[in-house]
Structures are given as C-alpha cells and as structure tokens.
Amino acid sequence: MVSPSAPYEQFTFFRTTFPALFVAHVETNRPGKLNAFNHEMFHEIRQVFNLLSYDPNVRVIVYSGAGPRGFCAGLDVEESSSTGPVGAPNTDRDFPRQSWDVRRHALSYQESVTSLERCEKPIICLMHGVAFGAGINFATAADVRYATRDMKLCLQEINVGLAPDVGALSRMPKLGVSYSWTKEVIYAGKVVGGDEALRVGLVSRVFDTKQEMVEAALSWAKEVATKSPVAVQSAKALWDFSRDRPVADGLLYTAAWNGTMVLSDDTKKGITSALKKRKPTFEKL
Amino acid sequence: MVSPSAPYEQFTFFRTTFPALFVAHVETNRPGKLNAFNHEMFHEIRQVFNLLSYDPNVRVIVYSGAGPRGFCAGLDVEESSSTGPVGAPNTDRDFPRQSWDVRRHALSYQESVTSLERCEKPIICLMHGVAFGAGINFATAADVRYATRDMKLCLQEINVGLAPDVGALSRMPKLGVSYSWTKEVIYAGKVVGGDEALRVGLVSRVFDTKQEMVEAALSWAKEVATKSPVAVQSAKALWDFSRDRPVADGLLYTAAWNGTMVLSDDTKKGITSALKKRKPTFEKL
Amino acid sequence: MVSPSAPYEQFTFFRTTFPALFVAHVETNRPGKLNAFNHEMFHEIRQVFNLLSYDPNVRVIVYSGAGPRGFCAGLDVEESSSTGPVGAPNTDRDFPRQSWDVRRHALSYQESVTSLERCEKPIICLMHGVAFGAGINFATAADVRYATRDMKLCLQEINVGLAPDVGALSRMPKLGVSYSWTKEVIYAGKVVGGDEALRVGLVSRVFDTKQEMVEAALSWAKEVATKSPVAVQSAKALWDFSRDRPVADGLLYTAAWNGTMVLSDDTKKGITSALKKRKPTFEKL
Amino acid sequence: MVSPSAPYEQFTFFRTTFPALFVAHVETNRPGKLNAFNHEMFHEIRQVFNLLSYDPNVRVIVYSGAGPRGFCAGLDVEESSSTGPVGAPNTDRDFPRQSWDVRRHALSYQESVTSLERCEKPIICLMHGVAFGAGINFATAADVRYATRDMKLCLQEINVGLAPDVGALSRMPKLGVSYSWTKEVIYAGKVVGGDEALRVGLVSRVFDTKQEMVEAALSWAKEVATKSPVAVQSAKALWDFSRDRPVADGLLYTAAWNGTMVLSDDTKKGITSALKKRKPTFEKL
Amino acid sequence: MVSPSAPYEQFTFFRTTFPALFVAHVETNRPGKLNAFNHEMFHEIRQVFNLLSYDPNVRVIVYSGAGPRGFCAGLDVEESSSTGPVGAPNTDRDFPRQSWDVRRHALSYQESVTSLERCEKPIICLMHGVAFGAGINFATAADVRYATRDMKLCLQEINVGLAPDVGALSRMPKLGVSYSWTKEVIYAGKVVGGDEALRVGLVSRVFDTKQEMVEAALSWAKEVATKSPVAVQSAKALWDFSRDRPVADGLLYTAAWNGTMVLSDDTKKGITSALKKRKPTFEKL
Amino acid sequence: MVSPSAPYEQFTFFRTTFPALFVAHVETNRPGKLNAFNHEMFHEIRQVFNLLSYDPNVRVIVYSGAGPRGFCAGLDVEESSSTGPVGAPNTDRDFPRQSWDVRRHALSYQESVTSLERCEKPIICLMHGVAFGAGINFATAADVRYATRDMKLCLQEINVGLAPDVGALSRMPKLGVSYSWTKEVIYAGKVVGGDEALRVGLVSRVFDTKQEMVEAALSWAKEVATKSPVAVQSAKALWDFSRDRPVADGLLYTAAWNGTMVLSDDTKKGITSALKKRKPTFEKL
C-alpha cells in the first residue's frame, strides 16, 4: 500500500502528516527562520492545499507552524527586500511598468493564500508565539482559528510601511469580528495576545501551550472526520458562497447544490444510524 | 367584535395568541414530537407569518416552541425519511430528475423559513431545551434570539449526513457572530448551550427557565408595541435591505423609503410627545 | 509659518485643534445644546472632514463632543420640527412632491455622514454621556469607537416616531456586532451603556471618564501618526472597499492599488528601519 | 384520460390550450376590453404560470392576447382609477400609510409579472396591435418576443402621469437593447412599431399578421418541445441567474447545477442519437 | 421677473439657454478650441448640472457643443500635458505619492462626468463633427445620444497612450451596444461615424446637419417637457438604479419609490385627461 | 536569437505563430477532427493563453481554427462520451459523488475558457464554417469576434441533451446582444450564419472567405499592436472589471488603476507624438 503521504513529500518547506484517519496535518516547516515565507513557499503551499483539496483520504486539515517559537514571522524580509518586483524592481522600466509587475506578483501571492479558502476540506489554523504579517493572511483564509495565550498576532506590514495586500484586509471585514477593534489594532500595528483574540472572536479557543492546542485541534479534527464528507464539504462550500452574497443568492445556490447532495447514501446512513443510535461510516468523496 | 385570533385558528400545528395589545405569540405546538417539523408544518408556518405580516393589530411577534422539553427537534425524521422527494424519491426517474424534484422541494421549504424574514414585524425567537436542525433555520431568520441556559442548539443535519439547506448556512454568516466559532461548531455538529450562544452573540439574552425567558420577551415586545409601527417596521425593512448590500445602496433605499415615512403623523406625535414628556399612541399601520 | 488650523477656523460649530504632530482633534462644539445637530452643522461637518481628508499635515483624527454632558443629543429637535422639508413641508405641493423634497434632504444629510467614511484618514470617535440619534450615524461612520462607562447611546429616532435615515441602519449591519443584540436594542429604542457597548464590540475600549478616554485616544492617534501615511491610508481604503464586496473583488482592488503603493519610499524605509531597529519617519502624503 | 387542460379551466381571463405535444398556449382572454388587466387578472396570471412551471406535460409556452385588436391595452383604467390603494386610497389614514398600502400592492403585482420569469419553461410572448403599459411588463419578463408590423408598443404609464412600477423599468436595461433608444422612447411615451422593435432587438422577429406570428411561434415552440427538457430548462435557469450576476458567479452556479444535470439520461440519448442521426425522445421532467 | 437663466450666467465655458418651457439647452462654449476641456471646465460643468438637477423650471436638458466643427476635441492637451498631477507631477514626491495625487484628480473628474447621470432630469447629448476623448465620457453619462452623419467619435485616449479613466470604460459595457463592436473600436482607437453609431445603438438617431439634429432634439425635449415631471424623473431614477443591480433589487426599490409617487396629483390628472382626451398640465417638481 | 515561438512549440493541438511584430496567431490545430476539443486540448489551451498573457513580445492575439471546414466542431463526442466523469462516471460511487466529480471537471474546463478572458492582451476570435458547442464558449470569452458568411454557429449542447456549462450561458447575457434573439436561438438549438450574427452584434464584421477574415483580423491586430500596451491592456482590464459591477465600482477601480498608469512614459510619448504628428513607439510591458 502506498502511504498517503507520498505525493506530499516533494515539498521542502511544508511537512504533511496524517495523524489519524482522514486527518491531515500541514506544518510550515522552516523553524530556523520562524517560519517566515520566502518566494518558494508561496509556490509550495498552494500546491499542498490543492493536493489536499482533491485527496479522498483527507477530510479535515490542521495547519500550524513548526517549532516552539511561532506560527509565522511574516515575509522573509531579507529575501523580499532584495529580490522580486518589490525588493528589486526592474528600474530600466518606467514606474508604471514596475507597478504592473508588482500587481501580477500580488495576484500570484493572493492565489496562494486563497488556496486555503478554495480547498474543499475544513482547515483549522493554529497560532502560537509569533504570528505576523503573511501568516495572518493565511490564518484568515482558514475556517477555524485557535491560539495560544502567548500568541503575538500582528499585521506587521503596517509597521514596515505598507498595507497588507495578499488577503487579510479583504477577509477580516468578513470574520464576524468587531470592526472598531480590528481597525484600532490594524492602524496602530498593535500586537494581540490569545485571550484578546478569543474575546473578540478572531479565534474560537485559546490554550496555555502549543501542545495542548495541537491536541485539541486533532481531537476536533477527528470528530469532523467521522462526519459525512459530503455533508461537511458541502457546508464549507455553501457557507463560503453565502458569505459574499445576498441571502437570496445563498439560498438559490444551496438549493441547486443540495438538490443532489441530500440524495447521497450518507443521508440515508446518517438517518438510519441516528435512529439506531449507531455510529455510521461514510464512503470516501 | 371578531377576536383578532380568528383567522389564526385554522392551523393545526401553530398556536397564535395575543398576550398584549399589538403583541402576537406564535408557538410551534407539537410538543409530543418535541415540535419536530413535518411537511404540513412547513406549509402552515408560512401562512401564519404571512397573515401576521399584514395584520394591523400586530406590531411585534414572539415565537417559541410549546412544551417544556424544547424549541424544536428538527425535521420529523420518521416522516422525512419515508416520504417526499428526499425520503422516497421517484426512482422511476433518472437521478437528475430526482434531484430536480428535491431542488423544488428545498426552494419551497426555504420560502417557509424566509417568511419570518419577509414578515414586516420584528420577531423574537425563544429557544429552550432542544433546538435542532430545522428549528435553527427558523431561529436565524428571526430578528432577535433569546435562549435558556439549558438550550441544546445543534445544526444536527451534519450529524445525519447532510448540509443544512433551508436557510441556516446562508444566514449565519450575516449574524455578526465569529466565523471561527460558527464553523468550529457546524463542522463538528457540536451542541451549544445558552451561555455560549450569548457569549458569541448568537442570542442576546439568556435565562434560567423558559418562563423567565417568555416573560422577558413579552416585556420587550410590549415596549416595542408602544413605538410607532411606521418607525419600527421601517427599521426592519431598511436594516434587512442594507445587510445584503453595499452601504451606498442601503443609503439610497433608505432615502427613497424615508422620504415618505418621516412625514407620517407618528413623527409629529413622537416629537411633540417627547417635548411634552408624554407617551404618544400611534395609529395602526 | 501659517498655523495648520487656519482653514479650520471658519466653522462655527466645529473646533479643530492639532494636539500632536499629524493628529487632528475635531469637536462638535455646541455644548449648550448638548451638541445637537442643526442644519448648518450638517453642512459644516462635511467641509471639516473634506478638508482634513486632503490635508498633508493630518494623518489621524480624533472626533468627540465638547462639554461634560454628552457627545451628541441628536437632531436639534426645536429646529428640525419647525423648519426644513420635514418640520415645515411645503403644503402647497402634493404629498409626493413633499416626499421628493425630503428625499433630497436625506441624501444631503447622508452625504455629511458619509464624509467621515470618505475621509482618507482614520477617525476615532469618542462617545461620552448622551450619544443620541444623529450622533450615532456619525459614530458608525468612523473607523474606531471608544466610550465612557456613563455613555447613554440610543437610536433615539425610534422613540420619536421615525426610523433613522442618514446612515446608522445601513452601517450597523456591517460593524461585526451581534445582529440579535443590535435589533433588540434598536426596535425598543433602548439606551446602552459603555460596558455593554464594549461587550458586543460596538466600541473597542471603555473608560471611567471623558478625560481618560481623550488621553487614550490621543495616545493611540500619536502611535498611528508615526506610521507610514501611505500604509495607514491604504489600509482604510482597502478595508472599506472590501467590506461591501466579495473577497475576490477586494483582492483585485488591493492588487491594483498596492501594485503601486508597496513601491513607496516608506516600504524601503520601513524595512530598513525594522532591520536596524530604528524608528523611521515618513514623508507627507 | 384527463385532458391536460383541466386545472387550467378555472380561470376567467386566461385561456390555456395545448396545440401540440408539450406546448401550451396562454391567451389573455378579455378582448372586449382589449385585454386590459384588472385586479383579478393579476391574481390569475400568476396562478396560470405557476401551474405551467411544474406541469410535466408542458415544455414551452406561447403567450399572446386574444382578439384581433391588440395584445394588451394596459391597466383597466376604469377599475384602477376607482378602486384599490391607488385609485381609492384610504384617506382616513395619513399619507405615508396610504403609500405603505401602495407599496404592498406594487410588490404583489410585481410578483405576478415575475411569475413569467420564475416559470421554469421558456415563454415566447406575441405582441400584435395595441401593446401598452401593463402588457409590456409581462412581455419583458418573457424569454423571447415576436411582434406584428402593426404593433403599437408604448410604456403608456408615462403618458398618464406615473413611472412604470411592476417590472418594465427593472428589466429593460437587461434586454441587450440600446439604452439611448430605450430611454428616448420611454421618456417621451413614444409608440413603437414592429419593425423598429426588431431593428433594436426588443423583439426577434416581426410578421405581417397575427396569424403568421402565432404559426411561427408554434413552429418554434414545437421545435423546442423536442429538445431535452432538462437541457432547455437548465438553460433558462442558468441564463437568468447569470444575467444579474458577475460572470464568475454564473460559472459557479452552472458548475453546481450541471454537475448533476449532464449525467441525465438525456445527455446519453442525445449523444447516441446524434451519432446515429436519429431523433431522440426524452422523458418528462 | 428674474430670468430663469440668471444663476447660469456665472459660467465661462458653458452657455445655458431656455429655448422652450421647461427645456434647458447647455452648450460647451469654447468653439475656438473645438470645445476641448480644460481644468476649469470640469469644475464648471458639474455646477451647471447640479443646478439644473434641482431647478423646478427645468424638466429636460439638451447638451451639445458650440460652433460648427465639433462636439468636443477631448482634453485640452496643451494644458493637461503641462499642468496638474498628470502633466506636471510633483517630482519631489516619490512615485506612489504622485500616483496618489492622480487618483484624487481622477476621482474629481469622474465626479464631474457623473453629475450628468446624477442630474434628476433626462439629458440628450448631441454629437457633431469631432467627438473625442473627454467628450465621450460625458456623452455616455447622458440618457439619450443623437449624432450627425459627419460625427467623428473616437476614444482618442488610446491613441495618445492611456486608457480612458473618467467614465467611458465603466459606462460603455452598460449601454446595450455590442461588446465585440465596442472593443474592436476602442483597442484600435478607431474613428466612428454617425451611421455606424446608429447601427450599433450607441446613438438612437442620426442627422445630416447639426441644425437638424438640434431641432429634432428640441422637439423631443418639448414633448418630454409636457409629461409629468414626477413620472419622467422617477423613470430616470428607477432605470439607472436597476441598470447596475439584479432585477429583484430594481423591483424592491421601484416599489418603495412608487408607493408614494403613483399617489401624486399627476397620476389623477393624467388618467382623467386621458379619459377626456385632453392634454394635462402638471405642477412643478 | 531565440525565436519568440519557442515556448509555444510544446503544444500538440495549438499552433502559435507571430505574423507581425507583437501579434500572435493561435490556431486550434486539429483540422482532421474539425478542431473538436478533447480533454488534453482543454489543458493545453489554458497554458497557451497563460503564456501569451505575460509574454512581453505579444500585444494582441488572433485566435482561429485550422483548416477550411470550421472553427470548432464542439467537444470530441467520441472521447467525451466514453471517458471522464461525464462519459464514464465511476458507478461504484453513489450518484451525488459522481455529480461531485463532474462539478470539479466543469470548474476545470471553465478555467480553460476563462483563460482567454484573464489573458491580459486583447483577443480577436475568427469563426468560419462549423462553430459549435465548446467553440462558442471560447469565442464568447474573447474580446472581439469576426465571422465568415458561411459560419454555422450553434450552441449544439442543447441538441444533444444538455445545457452549455463552461461559459457560454454565463457570458452571452453580457455581450450587448438582444436577449430575445439569443434565447430564441439557444432554446431551439438553431444554427446561425455570419450575416445574422453581425446584424445582432454577436460578431462585429463578416467576410466572404476565411482568408479575407484572417487578413482583416491581422490588419486590425497590427494597428492595435502599434498602440501603447499600457493603454490597451489597461482598457481590457478596466472594461472587464466594469462589465460585472455597478458603474460606481468601475469608476473606483479605474481611478486606482489609472492613478499610476497615466503617469507612464507612454502617455508623454503619446501626447508629444500627437502634437508633432509622429507615430510613437512604446516600450514593452
């Protein structure tokens, strides 16, 4: 039997393991740099989540950062300030052409961040220690967020002279979190701890240690993994569609989608099992 | 004089009473089945709220479930797993045609849920004990929600193999509640108590007993009933329009609407009474 | 040297001071009337915020109400109930023409409220004591809100027979605040204190006294004023665009905008300063 | 065998016949009044099209006006100027309350017009002679329009002092017709003939006589009736959804819808028949 | 008696006359420069149309260019290439700050163009001879367009190295004109004559001479001026709202708007006059 | 010197040539099968247009079908009826899971079609002879369309039992073409010739022979290639953004985009050259 992790071993900066049936655990794996993102990592992460999205052996994904010091230190400043269309613009070209290059670059990085939202499976993102800049863009594209008490979350971009541009500013107004609080924090480049993040709903649980957080996330993931994948992945698709559109459009899309999906074997199994007080098992999707 | 409740007596599963001037109280009245919804009830509830919407004797509505055990047990599983296009699809037809039937069915049930949102009067929904599945769809289409501490709220659909499809997934992203929390709860089919629902803002008050909750709701409703019906019902209409649209569109609609409504006798009465520190009474709408 | 406040001295009802570098403080200055808004004030406030929006000496704005008793008592009832198209409609015209006049009037007042949202600089709004009606429309068009414990916030319009029509009903569904709570409060015309406003996220901090609140706001404003104005003002523009649109549109707009802005000198300075652990200073915008 | 027309015989003002297999022909049948719409007709027409929408014996609908003189003379002026909330407003109520009544009334009439758009089957609307006011609202809610050369189309509302309010102004900007032409015609209340309507694309064919037009429409309808009902009705649903939304949303909805529908027996039959150059027959939907 | 044109005499570059009751005629009046737009003209035109919008003596507006040679030569190239943030950017500032200045500038010019769309009265725009660049932005913001056969319409911006940015690219996809044709013309900077513009629907009538065109436009305008201003101006407002939004939203807005407007004296007069075959006169709006 | 076509030589089914400076010509190159699309071709075409999108040597693209008989015969029926999730669904899975597979498949094919719209350069699509099914999806995603008189355009899907699902139904309502005509044609699966396509605006020119059409397209393309690439590609980006959004949003995006782009060297060169009546040359983008 081929190990399910085989296709995931090609990546340098992301480690994907399978701690339980149908549960994948993705780790940004560059602890020496506090999991800062370089160019290659933006490329890799998209591939990882695209693979997971269609992998029938995966139903739910835990995403965290390797090492004890933090989830993500943001962009790899050394690299990004010396290469690429931002760090080393082609000054032979007029400024608008340089700007054109940066826009293409930003669209590509946005695509990497959006790969978490597009991934068909629920993703829970775990933030411990430093959770800066680029990392927040990925975290806000996940479905669920947990934090440790010692988390130091910061939209660090503001502190180094730019506005975040790969997702955080577009997704934060949609998270059900107080605008007054979010804008207060963003404009001042303020660092936010785990308890405060919980209080305002940016994360939904907070823990004393990273280990406790990972255990709780795996426990949640295992529970989700027992549910019908048709049901869970439909819920993600329908919620995310509805988030950006009027209720009436969400209803139409839901009716078109579920007209088929409620006829799955899972619904029958689910109801029968509920009546018989048994735990059903569901076919792969 | 014909009692105002006359037209409401035709319904089998919904009891409508008028505990105070301009206040209606609708109860799902199938306590023996824990207020589970059968097909007929989806049909009836829409008629009830359509009647209330245009009834000049009603200005605010309390909606709860009869009996001590719960607000709603969800769909009547027995019925829904053996009849209708989901429970007993017409297998003489090819699968897409069966799916077509289910979509029509879903659109019709959605219409029943949406009748609460379309109802011109504010609706406060009271959840005690079991608050499962179908019930949550109706609750999230109401304006205000209260709960008892012992509430057991659950989007139970996920636990029986399907995604909710008659409104909850389209309306929950619009409730001003933390996404991280909501998705954590939904994907895992988790049961939520009253205190937690209050903490995240899904409900706005929590009570020890159903009786206390009903009394508090009636007290709130009586207060609302003393306000100008033009003002209150305009507020509902304008808020709901704005929820789904850019602020600029909300403003345009509001200006068109209120260009007329602020010229009502109610505004004059309201201002005069405020100056004279008297309590005004308003004509029916 | 011309004092930066010169152009701001033309206004009767708004006092604008500059308590720190790049920080403006706007006060509604009609304490004898509890800062109630008359017609002229709607006209003036728009001019004030339009000036501030393009003033290179201003990077962040504190907005409060003068005097000890309150932020704003709402509309100047005396004036508004005896003049203008609402208080003194031209009854020589048929009713629809009177309504047409009111719509134009509402659009103009909305424009005044929207001038806070359109202002390119972040605005923090401070509410103490009475915070009624018109005042809430302005407060919800600001970016950040603080309150004192003794704040008495009320959408007073409902209590005098009309629905708010110059912005509050269109912006409140977008604030990341529980809908159940907001509608409960609005329909009943309920008065809300500072602690409750903090709990639900309508404001992000609460204080014992107005003085403490102003000091804290100035302290926050000074911090924001040290950041790159390109970064901070881009963040406001991108957030506000994203709030009203699908995430995908927010991302597109952000990429077009930031394709240029991340090439500013501020980004280079910001990164260099961060690496050298120095505090950068940024050119005016 | 029960004639398929049985349920359609309850209507006074609409005659529904079945000139060919799967083809329904609806006629406004009040030729003595030039098919002018009274209140009851708005109620009836909605029921007719709702019935047709789910009738498996119907795949395409021809809609025309009975008699030689015209498709529709608009509203029944006599009735509408003396009854109902517009013709006979309840002057015991203040003006805003009268306006509230009219809004409810307009929403109901709009619902009748929209029943053509909501009807799952394609509708071809045939306009001959007088085609005024209310009639245009229905015509623009149909899928396809034919006219006779002698058609006298007019948004007559403008000529009697009001703007059309039950659909024409909301649908005409979506018909792929020159705005300059349409606005020129509307503001001046101009009468348009068949050839001009063809030239600008408001109708897609024009005929010398009503009889030729009906024959051509039936011929088209018979052709459509031979196609897969899954294919044709999906095309209507997907087009109409896409019309009002960004291309990206149309694509998402289409993928969700057709993920199921292309698996129908019809696709298999269709392809096999095409390869064998045979004419397939499709099961009812 | 003060001539109605008094407030319009303050403008240097726009001549406003009143050739018939309720009809205004605005002319760009810089024939020596082929009516090219300088900075001051962008400022003036907005004021002109804002005045007309609320002027009760005006019900319809003809807009043309003075002199025999053309409607508009576009931007005043001499001025715009040597002043302002585009022609003479402040090169002491970094490039992003220069871009920031241009964006503010563009928003201001867009506002001038949009003043035609925002003007409550229908505007017919007459294009003869040269109709280049800036002129097209204004023309596409009008309601109706006529042309002479010798019109030379060109989105000239493309030919001088930029994309149009003050309205044409945002409004042309909404005009009901073939996309294939429009894009073919735009990308190639092609010059379009009057007959071709008529064929594709960009204009709705074409004439041999400017004089014939003006006469026809005045004749149309006089006809429109006899209609109820409530009806005509409502039609413009409702159409324009519907253009940018789903049909369902257009219907809601229309019902809210017309709930009041159909109760105007104009409706009663209009119907009575129609029955009595008399020509009604309507009160000012 | 490396020929610019090098990276384009990897494709089996698409031939890309460079008939003039900055002009690319893409041909579907499977004339033996009348350019029918198989699975691999959907994969290849996306890569071709993605390459062209960022290729600085390309400014405009001509897209046609190889061989004398037609532009495209649609899907490769043989392949698509025997392989893939539609032709050979995995019947070991329940029907909803098969539908899930088809949805993923449709989204991928849609992505291939959308690659033409996403391509930054204008694309002119040339249709001769058979232009069926899949081909129409690509044609409607191009910017400009030409046809030969003998074109036989048909949304053939309807004739083989399904609704088009990879783009045509979502893009056709946006083409500025009469809805009545389009729906008449689509529902009946009617074949449309070149002259008719021109009359309704689906194409913008029609020719007697393929050769004449290609020559005219190249001539247009060469003209476009002389323009500023910043101007032309900005025009495509801004138009396409505006097409799907309210005018107000198009304006905002345009101002943000062009705030930078009008500062390009191209604008200066363009204006200088215009004044000196010289032909400018522009740097690559």
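As written, the chain order gives the labels A, B, C, D, E and F, with residue 1 at the start of each chain.
Convention: a contact is a pair of C-beta atoms (placed from the backbone, for glycine too) under 8 Å apart; a residue touches a chain by one contact, two chains touch by 3 or more.
According to UniProt, the chain labels map to these proteins: A, B, C, D, E, F = Enoyl-CoA hydratase.
This structure is a prediction, so every number in the text was calculated from the model and none was measured.
Taken over every residue number at the interface, the positions common to chain B and chain C amount to under half, indicating a different-residue contact. Checking B-E, E-F or B-C against C-F, more than half of the residue-numbered contact pairs recur only at B-E. Of the two chain pairs examined here, B-E and A-F, it is A-F that is joined by more C-beta pairs in contact. Work out the mean CA point of chain D and of chain F, and you get 33 Å between them. Chain A and chain E have Cα centroids separated by 48 Å.
Within chain A, contacts with two or more other chains are made by residues 95, 99-100, 174-177, 200, 230, 243, 245, 248, 256-257, 259-261, 263-264. If you check the complex, the residues on chain A that touch chain B are 60, 122, 124, 143-145, 174-177, 200-205, 220, 223-224, 227-228, 230-232, 234-236, 238-239, 242-243, 245-248, 250-251, 254-264, 266-275, 280, 282. Interface residues of chain A facing chain D in the complex, by the touch rule stated above, are 241, 245, 249, 252-253, 256-257, 259-260. Across the complex, chain E is touched by residues 54, 93-97, 99-100, 104, 230, 260-261, 263-265, 283, 285 of chain C.
Residues 77, 81, 86, 89, 95, 98-100, 102-103, 106-107, 110, 114, 117, 157-165, 167, 169-184, 186-189, 200, 243-245 of chain C are the ones that touch chain B when the two sit in their complex.
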